[in-house]
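Alright, structures below, take your time with them.
Two complexes follow with chain A in common, the first pairing it with chain B and the second with chain C.
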Partner chain A sequence: MAASLQGWSQPAEAFENVIIHTADGEVVDGGTIVWRDGIIRSVGPEEEVTIPFDAYVRDGGDSLHVYPGFIDGMALWGSPDTDGPGGTPDEPGNPGYKRAGIQPQRYPSEHLKANDQALEKAAEMGFTTAALGLKGQMLPGQVDLFFIRGKQTPDNLLEEGVGVLAQFKEAKGPAYPSTTMGLMAQFRQLFYDAEALHRQQEYFASVSSSYPAPQKEKELEALYPVMKQKQPFFFVADSKENIERVLWLQDELGFDMVLVSGKEAYTKAQELRRREIPVLAGIDLPEKPDWMSTDDDGKDEKDRDTQPAEVTEEMQHFRERQQQAYKERINNINTLRESGVRVGYSSNGFNTSAIRKNLLILKEESGMNESQLLNILTQSTADILGYGQRLGDLEEGRLANFTVFDNPFTEEKAKGLFSVSNGEVTELDSESSN
Partner chain B sequence: MRTFLKFFISGFLLVVIVVTAGVAQFTEKAEFGKFAITNATIHTVSDGVIEHGVVLINGETIEFVGKNAKITSDYHRINAAGKHLYPGFMDAGTQLGLQEIGAVAVTKDQAELGEFNPHVRAFTAINPSSVSIPVTRVNGVTHVVSLPVSGRLSGKATLIDLYGYSPDSMAVSPNAALHLNWPTAQKGGAGDQRSEEEVEKAYKKNLKELNEFWDRAVFYDDMMMSYEEGSADKEAPDTHKKLEAMREVLSGDIPVMISVDRKQDILNALEWTKKHPDVHFILAGVQEGWRVADEIAEAGLPCLVSTLFTPERAYDNYQRPYQNPAELHEAGVKVAIATGEIENVRNAPYHAGYAAAYGLGKEEALKAITLNAAEIFDVADRLGSIEEGKQANLFLSDGDPFEPTTHIDQVFIRGYKIPMVSRHSQLYEKYLNRGAVEH
Partner chain C sequence: MKKIVLLFFALLLSPAGYAQEKGSVLISGGTLITITDGNKENTDLLIEDGVITEIGRDLSAPDGVETIDASGKYVMPGIVDAHSHIAAVDVNEWTHPVTAEVTMEESIDPNDINMYWALAGGVTSIHLMHGSANVIGGQNETLKLRYGGDMDELRFEGAPRTIKFALGENPTRVHGQRFNVQPRTRMGVEQIVRDHFDAAFDYQRNRREYLEAREAYEEGARGEAPVPVAKNARMEVLVDILEGDIRVHCHSYRADEIMMLMRVFDDYGIENYTFQHANEAFKVAPELRKNGAYTSVFSDWWAYKFEVYYSTAFNASILNANGVINSINSDSGELIRHLNHEAAKTVHYGGTSKQDALRMITINPAMQLGIDDKVGSIEEGKHGDIAIWSGHPLSIYSMAEATFVDGKKYFDRDKDADDMRLEVNPEEDFEHAGRRWYEEHGRRGGTCLRGAEVRFNEQGMHFRHQTR
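The block that comes next holds the complex of A and B.
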């Protein structure tokens, strides 16, 4: 919308003559989508959709593709960078919550940097909603759900505190916890302390005198909802070992959780399914070993010359192991899905510009087709965030969140033209934003 | 004695206050009623010159124009032997009444913030007590277009008489035109450090924004018309002030005044106007109009021009600004005088004078500052010439009003015989009467 008209509670809007892709893979050619007050009112083939008299209509010329807005289940866009190491605390073994990286009371909505280029870039890539976290250490803060609208994102909060971000990240510099065992102990200690404080507060409230006022500790209070399983941990873990450690903590402390990133989650697929832990998987894929890409991609002879003339048996064995590891990682999402684990998408700091390239690799090498990828980026992530009825697909009654591309989104040349987030249209102009 | 003193002091204070306030504005009231101006050389503009003619004014209206009239005793007679009677001059583009002192921000009302403000109306901001208004009218300029100037769509210009105690009493056309500052595709002179590419990019961006806003306005108008045509199942759309303000523009009820000066910009603007056939356009400024006079004439757009500006290009002849109105006229463009001034609107006759001297000729120059301007703003049925039935805006002079040495003896606005007093005349009197030995 023209900038000068912002704030106008505008009438309906519509795209007509567009190719509509739904989250379950259905494609409607010559489709129309109508939305009003941020809600999709009607979507489908032209003949089934009536455009109301007060709709501002844009014509897609039968060549533009409309996809449900992608959702990032946990992104760090707009987060301020963390402070430096901060020197040696007076008591390195007891540095205080902030210095230790324990700040679960922080809300991204209070810290977001509106001018972060990543927020613009994300819209261009097709993201219209994202759960945003903050950069930090073991407990950097809450996870807030935002409509993604470039610089206006901070003003478009959908829900605060959909989860609490947790990760195995030691405190910076010489401060406790600085080892994995320290982290594990600190997670346990925090839960015990939170529970003790909670009990004290409840008791204090129940008596009229003769009991000292408990000290207020907002860091611990922010963990109450997790402790009571009213709010999940968004736990970042990639290696098999770290995922195991998270599961130990879950057994001991009894929290709900969503596994974030989970590069080796396939190794625990059955366990994750048993525990009904969804995974917001990253697509930060491993580099393909040189010898594999040369064979596959048919590089020219000059490149081939750099390869050893003879592959020894030992080298062959190594290559097989390398190939297996690569394929397992590439197939991570697919393995999880096939095991019955709910999988969504999370960038967790991954470079937004590289998303399309890696989606292409997944499409070509993991055996997932475009609609399966689309589903993970949309409906499946919406389900995990508890917004499965409102976000993630193009159907009547859903929030009007979608992106108009000039080509199918998995094609390298695909370019976002319009981003519609909560019904507000942003014309994407990558030239001017660069 | 005490009581007397009290009365004396308060009476004295009252007199001081009244006199101080009065000096700032009027010292006498305008007369209203029936006037018979006789023996005048009447420059009707619409119907030639009448020597020793009579004009009767009854109330706000010119009742009679001609040679012989029976003048009853209830007419206040004004013997204008040796004088010239002209229709009141119109300056078709000013900021009069919107700014008092340029250096004092609180007195400036002509520039609202924001790019698209079609809903902003100059009419609502006119200061009827502006000191510049009497200064202007006593030089024969009886009505002006006053316009907001900032942003892309600055707002609605207003056409007012230069006499009245409120904007309502001064109104001729409260919404006279929508003012559009055309986005330039040219570098802004020596201080403009941008590369050609940056200039081009900025132009495209500005034009895109204008087109987007315009598209929205067209959509809004269509939507509202569809709603107004009526149907039970149509829910009333929310009104939007800015888009609502565009409706009278899109329907052609009021014109768009496009401020544009340079050759390429004028051509771009002409191209753009062709896409909106239902809208009426006026070009304003048009400093390089003479370079593309034929194209403007072909587009059929009238031009509001001044003559006092520096040519855009250093190698242009200094006479170009003076010749611009004549060259446009010659190509077939209807021209009217618009100074773009505030306190110097009083000089509007001399802009016309320059145009007359540099090729336009007195007759056409007179039209440019009277009837043409009225026609362009669709008020020629009321203003612009001395004709029966028209509003009595006229003035008497002792010579050619395009000459600075000519005196304007009497001005009538909407039938009111205006006191020939202004801040200028008051200061003149004040310092003329200063005693030689006083400090």
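The block that comes next holds the complex of A and C.
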């Protein structure tokens, strides 16, 4: 439980006889973790940790695994769905900010749907913190950091506006901008307009009379912190070309940014490192082509029958290229890491239930070990969100965010049993955690 | 079919090797169609580091430079297509009658296999155009077909800026008839152009005055704070047109609207412009000549909408005979593969000379794009953008055998089966990869109204827009 404002001290809590995994891959068997007021007070081998007299203690029976709470750097959990097609504006070329998908002033904290199943599911999968964004078009809103606690999540806001979400999504239906090049122009124009409005407001404030009052434009005002590099864009882009387009905009408009999703970010790894742009990478991996599947992949004979009897020379060439393309995509995160790019994790709409399966694929096929994967899901994402000292690991002084699993988290059968977020314990319903 | 299938898939070289590299090659013993200096039989052509350095006989290749024997073959400048929509992500930001702020520079699809097919037709440069759904559409981008390179590597460095205008049925139907937004008529089209040019003048003055006042205020030379005039991306481009920094390429068909736009441009002092399509341009050829206007037409493509019924296969020849600098373009992912045939039609129908016919797909489009100092003819000092043809390029039996950009080979018919620059999707099966382009684009792929299609049905024409 977080620190009480009423002035009395909350009792401590502890898990003992648990296997503790830290973000750097260290494993402590027979460990103990103690927290009070939402802060980890002590963690380590049982002989080094003193459990306070008032602590409520749970026994892990030497078989439960405690991991730092996973952090999703940009998730859409709890976001209301976007409105329908939006109808036809009077003038498709002047649809107004909202209709165009320009709503950077919206805060998830004001729109979150508490009953979204994804918030429950996320806790079961080990997530205790997430930066949440809203579904929408080019500028759907701010990104707010929450402790993830199922239905209570909306009441557990940690920080509003850790970034402003941006993406190459055209306005729906007949409205400007309807193309990628239109989006590029619109991003620029918004910055030009925001700059002019900001200046007019400053001039207005600097005199007592004889100056026209500036219009109130909350959409533009919401971009000021990005313009002044006080708040980063969380820019979603996947293809090599779209990442290049974002970099063109960055050169011109001079914003700080975090790249979100970045399926082909590996193609720009050196450039991202040079610009010190961190990547909150997705793990929405490509399906393996049938011909690459081995017997172990559980493909049944029926699938195999669809394979051509003869592999022609040209087909073989195609397969070689395809295998290379598949490997490049699977190795995305690893390539970025090895190039010196800071990499965290973002689901950005990816189905929470499929996370473990894809983490397993990464472990088996991309040459990343369990502790490297864990680091991306925890400390590295915390660093990118500016919470590297408070979240992302199990050590004294950090916020008490962790999950207790019955097996190592990368095992398919692993189930979350307890989720601790900001010190609050939620006993997870093991029935639904499959 | 086997050949086509090979062409689609069997492409095996790392894309990394293609970038904006320049190559050196000696092409010996061919018949050089220089375009600007007649044909030269049994002549060698040396390209070094991407530039034509020597034309003559018995040239020897410098150390390490490959020699290609072209004896019995024709060597001509790479074809320049002044109107193309291949290698585009989107073509039409159709939503407003004026979208000068958008640019095809930011809408390049470097993975489009159409570039490879165009190279196989001897094409080395294209004018990637915005669509024709709005009166003043987006800016265009001139590309070199360095297929396998990324967006930046495809750009034609030093090519002047150009922009798309469109008259007639497309903008009136999309805006006036579908959304009740001006223009609904051809008169409205003219007024949109005039109103926006006038607005651009106002903007230019207001913005300049504001910037001057701001500077004075911040330096203490002025007491009163100015009211900001925001930079306007659309108006900035319109101002650049008025200043003569951007060439206009205008989609047009009817003679009356061609005359209209020339009058408007005369009023506003705009001088460098090309009428695209211009099916009725032959009716006003002397007027076009007098105004120094260029035309870029189809050889014989018409009747796909009402305003395109009054057309003739003599259009290009009449324009040419009247001294109008005319080019033959494709506006199509299919026609671009045989622009040599399209040019040959002017010889067949209108009796145009073979040399002039070839000019219409080389130096003339290069002039219209402002790149004629770099490409469009075989001259020392120009870029090594050339194609080797099995026979005379105007013959129906001839094929481009190899195509070079900056002296580097980007198409080789002999090595077609080993070429593998085609983007491969990890999730796509072999069969589908071959059908992909046609399934995504159908026969209409790469045309002017892509993304804002006007379709015929029993009730007449209907506008239909696509969003992704």
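The working rule: the second predicted complex is superposed on the first by the 407 of 434 C-alpha atoms of A that agree within 3 Å, B and C clash if a C-alpha of one lies under 4 Å from a C-alpha of the other, contacts with A are read in each partner's own complex, and residues count from 1 in each chain.
Just so it is clear, a contact is a pair of C-beta atoms (placed from the backbone, for glycine too) under 8 Å apart; a residue touches a chain by one contact, two chains touch by 3 or more.
Worth saying up front: this structure is predicted, and the values here are computed from it rather than measured.
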Inset, instruction - Tell me which partner A:P11 touches in the superposition: chain B (first), chain C (second), both or neither. - result: first
Inset, instruction - Have a look at where A:R199 lands relative to chain B and chain C in the superposition and call it first, second, both or neither. - result: second
Inset, instruction - Using the touch definition from the top, say if A:F53 reaches chain B (first), chain C (second), both or neither. - result: first
Legend entry - Broader residue contact with chain A after superposition on the shared chain, chain B or chain C: C
Inset, instruction - Please work out whether A:T88 is in contact with chain B alone, chain C alone, both, or neither, and reply first, second, both or neither. - result: second
Inset, instruction - Mind listing the chain C positions that touch chain A in their complex? - result: 5-6, 9-12, 89-90, 92-99, 101-104, 106-110, 138, 150-152, 179, 181, 214, 224-234, 417-418, 420, 422, 424-430, 433, 451, 465, 467-468
Legend entry - chain C-touching residues of chain A, taken from the complex the two chains share: 88, 91-95, 170-182, 184-185, 188-189, 192-193, 195-197, 199-200, 203, 206-207, 210-212, 240-241, 244-245, 248, 286-290, 313-315, 317-322, 324-326, 329
Inset, instruction - Note which residues of chain B are touching chain A in the complex, please. - result: 114-116, 205, 209, 212-213, 216, 219, 223, 226-227, 231, 234-235, 237-238, 240, 242-243
Legend entry - Sites on chain A touched by chain B in the complex: 1-5, 8-11, 53-54, 56, 432
